[in-house]
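The next part holds the structures, each set out as structure tokens.
Consider the two complexes below, in which chain A is the common component and chain B and chain C are the respective partners.
Up next, the complex of A and B:
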């Protein structure tokens, strides 16, 4: 990149340094002290986190929640993207609109409508009861199953759009060739379409994962206080308990953990681009 | 998939956005603007519908609401310490007053400039800022499911309420007040919360849901996810006004509550206006108006005659109000972090 080009990045870089890197640095500094005045250095916050089973189990639960939500999102999202890629232009725009619809409403509105759907007398339970699938209303609200369902729906566009953009660019001759050589639809999907869409899948998984683990509103409104995930823990430590340094340490630990997961996903994506999936 | 956005269109939208963002600033330049914090829910509505028009009429100035919880206000004031604070008037529950005074976030209330101050009940005349109302907790219940009003906190343990009891996390005053009261009744002290946590452990099999915040707590009632739970007089009144089946019963062990007060923030941009704004909340006719539905705010001005829902489910007279048990927040505040932590460990599934 020549010098004139790189200058174009300067405004964004300045913005990024002033409003992201600098606060992050303050956060890191704060996490290494035991009070807001930041007089004496300590690793106490980190030590107490990693030596306390309850604390790190919250981190593990959160990372697993992201994995579950991402998996469900992929299972439902991939077919949607696949259908959309093969649909006529008209149907493609209808499908896309339906996929994007959730991000056009506020997350709070979306989450509250899910409360109405999942509640004891909610839409889902009424259908289950009316169909005789269950005699008692199911407990969905305030359970992890409920949280995963809602996260998967809410983050769906983040999964579908990257996969769709890869599938749409795929050379249509490849599946045709596969079929011409005698492979069935499933074999073509497994051997040609899926491996070629890995970059989109990885991008979709990274976006969905990062958005799911940090979804404070959805996690706390659908999950309630008994399912504690990192964002709620950080909020409670900062605002409820006024323990800012510990909340800062939690934030750093959480951020590094999510970055590690994203790095692993990225590595998988890069490997598949050079070698295929096997 | 092709997305092309015309450059002109984008510029036009960006321009409109810029104007919209600059809007409040432009308005600021015209007249003096007071920024006053208020609680989400009933109080933000009361302030918007009753106080703001009266304030405009009295001073000619405009007041903008900043709708945030007390704990968040303390955090924001602390973060802005030394600079101009984000709002001029703070709206606190009792526990936050202690924190704010300790950290120098509010100044002593200029009583001399506030004509209505001396009309307040003696207990409401706090030098750090007048108490404008009280929050009282009791047992909330769904009258369609529970026909005899529960008269004891022990009723929550009744096996027939298995899965039907609600609780709220300890980041709200309601959660803490409930824990403190149960602790007292079970023989605990402010230094020993073991009895409260023993009660909690007994209660957990009955607990169907623990809300992470008060907004989610209200939803539990609206969705009839719970039938019985500790609740607060004003929240019950708000839900009742929306036809949610909920009533409040004060247990025979007595009502527990805390006050809500207004404060002049340190380095406030508009201290004069702030005091005038606060003083309006103390005015007898305004408190009388706020005592009526849909606000149902318990008055603190001695000249207001109690009536309506307050006299039905809480107290008969101003004397009774003074008898409502309060909580020693000086003792509780330093333990808040430890209590929240212990509570979270006990309840985690």
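Up next, the complex of A and C:
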């Protein structure tokens, strides 16, 4: 088997080097110049980003937005995976179908339906007013709460699927043994099920986080023009202001920050795999 | 006995709490799609839910929406070629990666998966700078290559998963019986991994059809794709035709999903 098979990787590798690695390299180079012709080197783009409060607060807001959306996804996603893992094969299929449905429906369509729901006279406000929970329509659209809600819905499948795959492979004897030894359900969940599903949880968090921070459509349509996150910032600098070198620096900073968060999550996952939750 | 009632309370409370969270999550997941579908059948000019009356007028209006139709056609063409290229290159690479433990292969695997984690918008912008530096301007073939980069991880992942379940004994048996490598691939490997490849192809198609971040930079006025067109519609004038177009997309997705479930066991593949 060996050698002849490994050549099969070459076409995709060639495409990735020519159309993925090379563009990212050019992006990095451009970020170190102050005009597209790339004549003189400068760190100016980076310096102006990190010395401008407004600029770096957009980065912080974006990274926090991802954390909030991931947290909401986990709180609701874990129970879905937990119940799906215990359901019969038939129910599991139905549950999975419902979970996968949104991720396959166009992001633009999903975001659009949220505008119908969250609007001033939208479904949610009608329900709130009818139940007397609020006297006047709440502002949900163009707020961060709205963006987090919609991101959590849009990315939920990315959280549920990895957790479910770990829970489904878990030895059912372990929770049984825990219960036989007198631990209650909550204690079993906390001491056995949750620690053993850390790899799935970490994988789910990484996917949800990476997708949430870069969800341009959702962020821009639900957040509106006043809530600015990194993807919109990059887009506005590149297309609106036509300042390619600065947009390139923003892209590099954004990518490095996301990769750093992913690396930290990964390290947490690996540590807990070898040492348990502690 | 106190301890018995405590364990019972324990068992009930966890089911209630998890059941409630799960119910909220499911409503949350499904309701938006249902609401947009129902709204698209409204008889009125507004997007209010529930609709004042039902009609197919906005679907009829789609027949005259030339620009939207052109964008939809562009999207289908791009998604079609993206899927073909992703399946061929992705399956080939998966065969190589699955059978090797070499560090270089691990690195290649990581590289091919990285578009899933890197901000796609940054890649789209990088690709625009790159083709600009080379003296090209955005076009459909370049748009397709850009889509392949972000869609190939789906094919790679599902194909690798089904290859890992392939019994190597079967390949040896085929070889011992005198089948050539190509024969073994066509008659043994391919049929056994076809559902993984099929599920990956479906996901790649949907991801390409839905892609905004890459198309934003690599598509121009002439090559406008559907999600970008709809996105601009929603930003500028919220009209009900957008809901009807959404309705068409939702229904088409449901049909494709049912087919993918039947022929590739989609829900099994995605676990």
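By our rule, the second predicted complex is superposed on the first by the 271 of 278 C-alpha atoms of A that agree within 3 Å, B and C clash if a C-alpha of one lies under 4 Å from a C-alpha of the other, contacts with A are read in each partner's own complex, and residues count from 1 in each chain.
What we mean here is this: contacts are C-beta pairs under 8 Å (C-beta built on N, C-alpha and C of every residue); 3 or more make two chains touch, one makes a residue touch a chain.
Note that the coordinates shown come from a computational prediction; the quantities given were computed from them, not determined experimentally.
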| item | value |
| --- | --- |
| Partners on chain A (chain B, chain C) - clash or fit | clash |
| Partner chain(s) touched by A:96 [first = chain B, second = chain C, both, neither] | both |
| Which partner, chain B or chain C, touches more chain A residues | C |
| Touched partner set for A:30, first chain B, second chain C, both or neither | second |
| Contacts of A:236 with chain B and chain C, given as first, second, both or neither | first |
| Chain B versus chain C as contact partner of A:120, first or second or both or neither | first |
| Touching partner for A:49 - first (chain B), second (chain C), both, neither | neither |
| Chain B versus chain C as contact partner of A:141, first or second or both or neither | first |
| Touching partner for A:112 - first (chain B), second (chain C), both, neither | both |
| First, second, both or neither for A:165, with chain B first and chain C second | both |
| Chain B versus chain C as contact partner of A:221, first or second or both or neither | both |
| Where chain C runs into chain B (options 21-29, 111-119 or 129-137) | 129-137 |
| Intersection of the chain A residues that touch chain B with those that touch chain C | 92, 96, 112, 115-116, 119, 121-122, 164-165, 168, 220-221, 235, 238-239 |
| Complex interface listing, chain C residues touching chain A | 6-7, 10-11, 13-14, 17-19, 21-22, 24-26, 28-33, 35-36, 39, 47-49, 89-90, 92-93, 95-97, 99-100, 102, 105, 108, 111-112, 115-123, 125-130, 133, 145-146, 148-149, 152, 181, 203, 206, 209-210, 212-213, 216-217, 227, 230-231, 234-235, 238, 242-243, 246, 249-250, 253-254, 257, 261, 266-267, 270-271 |
| Chain B residues touching chain A - in the complex, by the definition given at the top | 1, 71-72, 74-75, 78, 99, 163, 167-171, 208-213, 215-216, 219, 223-225, 336-337, 340-341, 344-345, 347-349 |
| Chain B partner contacts - residues on chain A that touch it in the complex | 36, 54, 92, 96, 112, 115-116, 119-122, 139, 141-142, 164-165, 168, 220-221, 223-228, 232-233, 235-243 |
| Complex contact set, residues of chain A against chain C | 1-2, 4-9, 11-13, 15-16, 19-24, 26-27, 30, 75-77, 79-80, 82-83, 92-93, 95-102, 104-117, 119, 121-123, 126, 152-153, 156, 161, 164-165, 168, 184-187, 189, 206-207, 210, 213-214, 216-217, 220-221, 230-231, 234-235, 238-239, 244, 247-248, 251-252, 254-255, 258-259, 262 |
